[in-house]
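Each chain carries a letter (A, B and C) given by its place in the written order, and its residues are counted from 1.
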Amino acid sequence: MRYLPHTDKEIEQMLSVTGHAHLEDLFSHIPDKCRYQGELNIGSPISEWALTDYFKSLGEKNSVSSAKAVLLGAGSYSHFIPEIVSDLMSRSEFLTAYTPYQPEISQGTLQGIFEYQTLTARLLGMEVANASMYDGASALAEALLMAIRIGRKKNTVAISSSIHPHYREVVKSYLQAESFTVIELKTDKKGRTDLSGLADIDGLAAVALQSPNFFGVIEELQDAATQIHDSKALFVCCFSEPFSYGMLKSPGESGADIVCGEGQSFGMPQSFGGPGLGMFASSKKYQRNLPGRLIGETQDVDGRRGYVLTLSTREQHIRREKATSNICSNQGLCALTAAAYMATLGGTGIREMAKLNFNKAEYLKNGLLAAGANLLFDSPTFNEFTLSFDSDFSKTRSRLLEKGIIAGMELSQFYPEYKDAYLFCVTETASKDTLDTVIQEVLL
Amino acid sequence: MKELSELDLPENIFYSDDHEWVQKTGDTVRIGISDYAQDQMGDIVFVEMPEVGETFEKGDEFGTLESVKAVSEMFIPLGGEVVAVNEALDDAPELVNSAPYSNWLVEIRPSNDSEFDDLLNREQYLQLLQE
Amino acid sequence: MTLGPGRTGLILDEPLLWEKGKSGRTAFSMPDLDVPEAITTIDKELLGEGPDFPDLSEVDVVRHYTRLSTWNFGVDTGMYPLGSCTMKYNPKINEKMAATPGITASHPLLGDELSQGSLKILFELQNLLTSLTGMDKACLQPSAGAQGEMAGMLIFAAYFRKIGEKRTKILIPDTAHGTNPASAALCGFTPVSIKSKADGTLDLQSVSELMDEETVGIMLTNPNTLGIFEESIREVTACIHEKGGLVYGDGANMNAVMGIVDFKRCGIDIMHLNLHKTFSTPHGGGGPGAGPICVVEKLSPFLPVPHIVKNLEQYHLEYDCPDSIGKLHAFFGNFSVLVKAYSYILSMGGKNLKKASQLAVLNANYVKESLRDTLQLAYDMPCMHECVFSDALQQKHQISTLDMAKRLIDYGYHPPTIYFPLVVQGAIMIEPTETENKQDLDQFIAVFKKVTDEARENGDILRNAPAITKVRRLDETLAARKPCLVG
């Protein structure tokens, strides 16, 4: 097998050094009752060529392989990935490197992630950012745990019901075993979070909103910040589509204390939802409470600028049970990919792309409204929006599916109270032709 | 690491078996860490201290010392209420390394005078270190 | 210095992204605006300036990351004998399989019918992992080993809640990886440390004394973090089960025992695997990895939701799992990492996976025997896929483990794991993995011997090492005292 380089002769020579007669003898001290019985039921090795055919057929079993367009976001976004980003991130020095614990031979990863931290902080309007969490959902859970740590004796958090349903479930999983309370805040008629009951909640450590939220609605973050700070809680703002900050006011500028969310849009293919990228940022005064890895700038013995993992005493390998989080790995390569993507877009590019997404989404939205659909919420949106239909949209959707267009997702599977409502997303990857086809089908 | 003979161990203060020093300052006491403790820790990068007004019982954890690679909890040698913390250490934790006896960590009002009897004098502390 | 692959080389410097670039440059091929510009219905209050990102040309970006990559050492560059990390070769074909277009474009919320390919991958991989471990059911959702541990701890908590017992403590050996007590604490358990025996293994006596009805069970690693097989594992797990507890197995060291040990027979109730260790997925400079868990049947109702099931020839996502601990990931886990591991297992086949473990153990024992007079062997007993030494023999020359590690870099090696596990002072843990050939191992051994010679004859070379890297002995104290996390 091409990954097992030992020849029989070499094995023999090595066994004579270790003092064994056969390979099996290396395991003679393992009790019989612990042993695997029989051979592994895993089959024969598959050649590179047969493997490629097999995976191709698996890909074809996914309808999307022949789809022209997927007009759905909900936490996983279709964006163009520049060739240079894929190419540069496949360099094996980035790909096959370990965690940068030996900084002298990991400056590529370290400077790359330091740049990621910086660009992330700038994007979100915050003072510091970490080297990433697993995904947007776990990042939100960790943000709430961080707020609870900062709040010391406060054990309650309030999260908006317009946050991505899966993110809310992950929060509940993370906070289930301890004595924490998670309260869900209602969504109002405008599709925004109802913060009116905050004053009545005792021991409130944090309030979390998502913007744009799951319905695509842009929350009024500045107002929210005021109300949340009035109730002496921290404001956690999360997101699933970072492109929105190419156009919208950043959460940092709006008064958020901790910002977290999903960075998959920045150069990672959708890949059935993973790996994602948990972007995470906060105010500088909380930096020692941050979970996850942190890269810091320093100097070497000759006075040269360099980068190292720092503030490690927060982490599991030192603090063990008192760590700020149990997280060990970050999403290393994904963070580097996002940085390369942000660098490729540049400041000018991200603004243009944000506008492009917005324009295309508005085109479809307005086209469908003219064709008889209704806004579920009369509020501004970015590249996702929710519409309700008087007629049976599911039939239209099936016809569009036959044409290779996946037109949105039915909302009732997550929000049973909204009937005949569909969540759509339009990014730069959807052509005008596609959008016109959808509008035409609805008009029929 | 310093040899025993190289350690600075002033005469006129008390020590705890947890390597802190205690000095009476009127009806309060100041607490810091001994030269041995700072030497063992290595470069201190951060000192986590309690808030003024917090009360502790003898033996409670009242803060931590962080070096790059380790964290050391500090246990209070006398019970009492915190009346002051040394804020200079926020920006310059290295002061604890360079002058461990001039840079106190916390000042407390002791709640139980009899706990003084359990403290060590210089000779007793030196004996402890020799073991 | 002709031993080892380390030489000098031209290293190019490269500034930070925002130190280069000029406003107006672009590296992105902007798609056409083929729809009319929308009238902004968004309130001006909600609009922002956009982020302060540098503008770079395509050549700027390419040079930047190409140069950065030359400062990194990867498995493709050279040997990475990091104990407990299993830095084996990362096959390129796995990358290609994960990049299959129908797989990369797969949106996670299209419903079962439109995602049969992706669901099949999940289902098949689940089966392969349960087959490999001897366990009953698997869940691929956890994004890393630490998250797998968290899932395990949440399952423990859910199980005892279900049977109406209140247990708050958990036993953890003092040799455990830091994620173990951290994960346990995150789930509300109080870790109780068990001191290992003098030979580095679990003390059955201690376990038996400490296990009681207030303890959920034990979190152990087998082979343990010292690379030693816990021969008393069945007795330990029996002891835990007798008092109604559960056993969590940290499967980080699976590379030593594929096709050789059956974890269910050992008495493990839940275990995680690190796909980025045993199953060759690349480390990516710190992730993404994957930490799937395997459980015995009685714990399968508690597995994270959704469960992937197969009815007739169709694959389904089952969300109706009332006892489930819930979700840990927004979707199904680090899917493309799972694809890479699946591709690896299929490429190897059963016989080669077992052979891989045998050769991994052979390589480690070969290194152990070859270096036993050069470095102080921490435990003189059979090791599995990794061996542990210490700097005890070098201390008389005032040379530490750190010094030797830094000098190995000059010779062209990534250092082994140092200062872990904590029970060995000045630990040096070497895990060659099975993908290193005998010649390369011999070269590594010769180099380590040379380094210890240098320690004796001219210690300053080590204390000032590495000499030829881009940066040398970075000031970590400064980085921690005055953190500068953004530029």
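As a convention for this text, contacts are C-beta pairs under 8 Å (C-beta built on N, C-alpha and C of every residue); 3 or more make two chains touch, one makes a residue touch a chain.
Since this is a predicted model, take the numbers as computed values, not measurements.
The greater number of contacting C-beta pairs, out of the two interfaces A-C and A-B, is seen for A-C. Of all chains present, the one whose mean CA position sits nearest the global mean of protein CA atoms is C.
If you average the Cα atoms of subunit B and of subunit C, the two centres end up 39 Å apart. Distance between subunit A and subunit C, defined via averaged C-alpha coordinates, is recorded as 20 Å. The centroid of the Cα atoms in subunit A and the matching centroid in subunit B are 45 Å apart. Residue positions 45-46, 66-69 of subunit B each touch two or more of the other chains. Among all residues of subunit A, those that touch two or more other chains are 312-313, 318-319, 322.
In subunit C, the residues that reach two or more other chains under the touch definition are 476, 479-480.
Listing the residues of subunit C that touch subunit B in their complex gives 419, 476-477, 479-481. Those residues of subunit B that touch subunit A in the complex are listed here as 45-46, 66-71. Put simply, subunit A touches subunit B in their complex at residues 288, 312-313, 318-319, 322.
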